[in-house]
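Shared between the two complexes below is subunit A, which has subunit B as its partner in the first and subunit C in the second.
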Partner chain A sequence: MLVAGAAIGPYALPLGKILTVLAGDRSDPQAATVLLNIRLPRVLAAALVGAALAAAGAAYQTTFRNPLVSPDILGVSAGAGFGAVLGILMGLPVLGIQALGFATGLLTVALVLGLTLALRGTGQVLVMVLCGIAIGALAGAGISLVKLLADPEQQLPAITFWLMGSLAGVKRADLVATLPALLIGIAPLLLLRWRIGLLAMGDDEARAMGIDATRLRLLVIACATLMTAAAVSMAGVIGWVGLMVPHMARLVTGPRFDRLLPAAALIGAGFMVLVDTAARTIALMEVPLGILTAVLGAPVFVWLLARGARPWSE
Partner chain B sequence: MTPLVEARELAVGHGGRALIRGIDLRLEPGRVLCLLGPNGAGKTTLFRTLLGLIPPVAGRIELAGQPLPRLSRAQIARHLAHVPQALTTPFAFTALDIVLMGAAAGLGPFARPGRPEADRAMAALERLGIADLARSEVTRLSGGQRQLVLIARALAQEAAAIIMDEPTASLDFANRVLVGKAIRRLADLGTGVILSSHDPDQAAALGDHALLVNRDGPIASGPVSRTLTADNLSRLYGIPVRRETGRDGRLHFY
Partner chain C sequence: MILPSRRGFAAALLALVAALPALAFEGRTVTDATGREVQVPDDPARVFAAGPPAATLLYALKPQAMIGWVSAPKPEALPWLRPEAAGLPELGRLTGRGDTLNLEVLLSTGPDLIVDYGTVSGTYVDLAGRIQQQAGLPYVLIDGSFAHMPQGIRQMAEVLDVAERGEALAAYAENTLARLDALLAGIPDADRPSVYLARGPEGLETPARGSINAEIIERVGGRNVVEAGTDGLATVSPEQVQAWAPEVIITIDRQFAANVGAMPEWQGIPAVENGRVYLAPSAPFGFIDAPPSVNRLAGLIWLSHKLYPQAATGDLRADVAEFYELFYGLRPDDAALTALLGD
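Entry: the complex of A and B
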């Protein structure tokens, strides 16, 4: 998938050429530039974003014991989106926009957790989710306000495009800036993945089996938030991946989180590379990723349902 | 002998307000203690307190002689396992996946269950006679089979005592007999069991000791033959209850 994504594009790179460039052959400078500075960073970014969103979605579905949950349930995408469009409005450079989006994404979830704590609902998943919906709605209102205030010639199209998700401008520097947050986010999830799976039984049961459920869930939220904020600040708001890919993975591995998490990350990476490759090749202009994930994802999802494969109870 | 579970002058409730006061209980290895009481008497609250899920309002709890507040979650889990009223998860785990979870208290934070844990899980399923269900998805099992899976998980936890919250409440007659027999067998092999029930007949058949609790507090406590009297049960439920000894020597209430 990665190789195909690197090969396909307006400037076609045959497999042989990719290999020779990667091996250090610079005899074709144009091919080398396209591959190393444009194509490869973009394909890697797509894989990382897909893996991050799918892993965060799988973690949330398991720990919130709800197959309909997606990574933005606690408002991280709306928060990061608000920060990023604010950055566009203020005319910040790209890295500034990303940093602001990342920060507001984290801040949103911190606010949700603080609010949950203040309402004395620490262990209360429902209170937490409702707070997330409320704060997410506020961030959504903020986004609408920024759109209203934005200059309709320059800023508004940029904002709209960003909110639908795109990897068009991704450079090596963006990748380097985002990678640490993604790795720090996924590492604890991978290490603790079997224990995290026990949260699917509910807090009381998990605690009676010897697990500190409240602390473990907070850790999962922190990790998933970090990954999602990093992904959204680099690629914009991309829906569906975090909701749908965990379901696809569950069909392969079953619901056990220790098997589900790696599978979801891999399928998410592959799916996102596929979608991004389509985004830059099917039309003369770049198609926003958010549109494609829904257009590709929704039919696949319905088809899976129609096959009668329901890895959860009704 | 040190009891597996001991509570003295215990008051349980939520937010510092006591629902029941003055509970004394002792569970010895191989014994079944039945908790009887009307809805809302605080049976589940008592169980959650014994498991350390909520703090007691007053009184002391000891597990194998050690004060509960000094034990970590994993240590509590090694003394006392829990069988909830029903298996509630939205995901289609296999029975073996569920039973494997019982190994958590004995595994390090980064560990996943391996061969020994799988063997123990299978042994637990075999003890309950449901080894053939290991690969079945629990969402497709009957209520009785799911209850047995939860009991198997508690066995795989290798705790000395098990608390069961109305283990047969939602089961049909055949499954009730099946699960009841399984519980008695566990106790005969040395596990201590505390269970709540709405059925005095079942308590008399399964239990060694009984604790009768309603909203006014504990009504009676002690060996089944002495506590499950017509008088005590009439006071417990607030309706006239009569007791009869059947030809098989069992107690029946109506």
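Entry: the complex of A and C
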């Protein structure tokens, strides 16, 4: 998938040329620019974003024991979106926009968790989700307000495009800035994937096996939020991947989280590279990723529903 | 409290009745671009422009009749505007999707006419009729396309009852377009550069051919590399721009213009290699669009010098100064011109 993504693009580069450039041949500077500065960072970014969203979705679905959960259930996408459009409104440089989106995404979830704590509902998933919906709605209102205040000639289109999700402007620097957050987010999930899998059986069972369900759940939420915020701040709001890919992975591996997590991350990466390759090649214009993932995602999701519910834990 | 005498009241009533036919017959009937016949008052003194293009044209034609802006001029635009108009309040937007103007707020400012200048499509035609009915105010829509500009200026001037001023501006527009056509007649197709219009800090938002935001590129003889059939804004990838290899890049984003030379993904594009990335001036109104109105005449002059540096005739600075004096009422001095146009 990565190779296909690297080989396909609007600037015609034969496969042989790609290989020579990768081998260090700089005789064609234009080809090198296209490949090394534009196409490869983008393909890698797509893979990372897809893996992050899918892994976060799988983690959320397992810990909340709910198949309809996606990474933005606690408002992280809306929060990051609000920060980013605020950054666009203030005319920040691109990295500033990303940083602000990242920060507000984390802040939103911190706010949700704090609220849950204040309501003494730490152990109660429902309270947490409801708080997430409420704060997410607030962030959504904030986005609308920013749109209203934005300059309709220049800022409003930028905000609209950003909210639909795109990797068109990704550079190497963005990758470098985002990678640590993604790694820090996924490492604990991978290391603790056995224990997290036990959460799916219910808090009481998990406790009986010597696991502090509340603390573990908070850790999972923190990791998944970190990854989602990093992905959203780089690529904009991309729906469906975090909801749908874990289901696809579940068809392959079954519901065990220790197998589900790596499968979801891999399928997410492949799916996102595929979607992004389509986004930059099916028309001269970029097709926003949010549109493509929904167009591809909605039918698959309905099909999954039609197949009937699968067991949620073993 | 002093009650009006019965006789005084009767006299007032009589005066009112006497005035009624006069009210009904005062004013003129004009047919606007929608084909509707609209009763407009003589010498309208309080006019609201429904969208940014109309606001710019209204400012150029009859600034003393403006009652507010659709969106307030940015701070950097203020020195370029007549002080009495620059300080007018921001009322909001009436045209297009998602109005931000409350009709009650508009009516409380006491307008006697609403004008709009821009796209004539089913939506806008319908909107004009609806607002006129709802607010009880005449609403005139004039075609704002480039091809129609001199007539558009004349029609708007007639509606505003400033025919003489309109004739001056329309003649200027005709003259500018004629000079451009004479210039283009001597330039073969092969010498007309391909142009990419970059928007946004990354330069990746672009209007396609046929978009009103890019209309000026075609008018000045440039070949917009974005041939896709949409007529709005789109995002493209830097790889796509590499494949297009535009010879000239025009941008309205200061940040992009400053950074493009150092952005690795833009290297190798002919326009960047040859230093032909131009930042369009934007005060008080944009040269390319923002809004797509008569302000684009200045952009036309500017672009003819940027696209055809050898063939272009006339003095860019003097021509732009003349345009500013005629349309905006203030003649920029040398320092202001340098700030506006660069060196």
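Here are a few things to note about the model shown:
By our rule, the second predicted complex is superposed on the first by the 302 of 314 C-alpha atoms of A that agree within 3 Å, B and C clash if a C-alpha of one lies under 4 Å from a C-alpha of the other, contacts with A are read in each partner's own complex, and residues count from 1 in each chain.
What we mean here is this: a residue touches a chain if its C-beta (ideal position, glycine included) is under 8 Å from a C-beta of that chain, and two chains touch if they have at least 3 such contacts.
No experiment lies behind these values; they were computed from the predicted model shown.
Superposition of the two structures on subunit A leaves subunit B and subunit C fitting side by side, clash-free. Of the two partner chains placed by superposition, A:306 touches none, neither subunit B nor subunit C. By the touch criterion defined above, A:29 reaches subunit C but does not reach subunit B.
Of the two partner chains placed by superposition, only subunit C is touched by A:283; subunit B is not. Looking at the shared chain after the overlay, A:168 reaches subunit C, while subunit B stays out of its contact range.
In the superposed model, A:94 lies in contact with subunit C only, and not with subunit B. In the superposition on chain A, A:118 contacts neither subunit B nor subunit C.
Contacts of A:158 after superposition on the shared chain: subunit C is touched, whereas subunit B is not. By the touch criterion defined above, A:194 lies against subunit B but remains apart from subunit C after alignment on the C-alpha atoms of chain A. After superposing the two complexes on chain A, the closest approach between C-alpha atoms of subunit B and subunit C comes to 41 Å.
In the superposition on chain A, the residues of subunit A contacted by subunit B and by subunit C do not overlap at all.
If you check the complex, the residues on subunit A that touch subunit C are 9-12, 29-30, 33-34, 37-39, 42, 91, 93-94, 148, 151-154, 157-158, 161, 166, 168-169, 171-172, 280, 283-286, 288.
By the touch rule above, subunit A contacts subunit B in their complex via residues 62, 65-67, 191-195, 197-198, 200-202, 204-205, 207-212, 250, 254-256, 258, 310-313. Of all residues in subunit B, those touching subunit A in their complex are 48, 51-53, 73-78, 80-82, 84, 88-94, 97-98, 101-102, 104-105, 107, 109-113, 139, 153, 157. In the complex of the two chains, the subunit C residues touching subunit A come out as 52, 71, 93, 100, 199-202, 204-205, 208, 226-228, 230, 233-240, 242-243, 252-253, 255, 263-265, 267-268, 286, 289-291.
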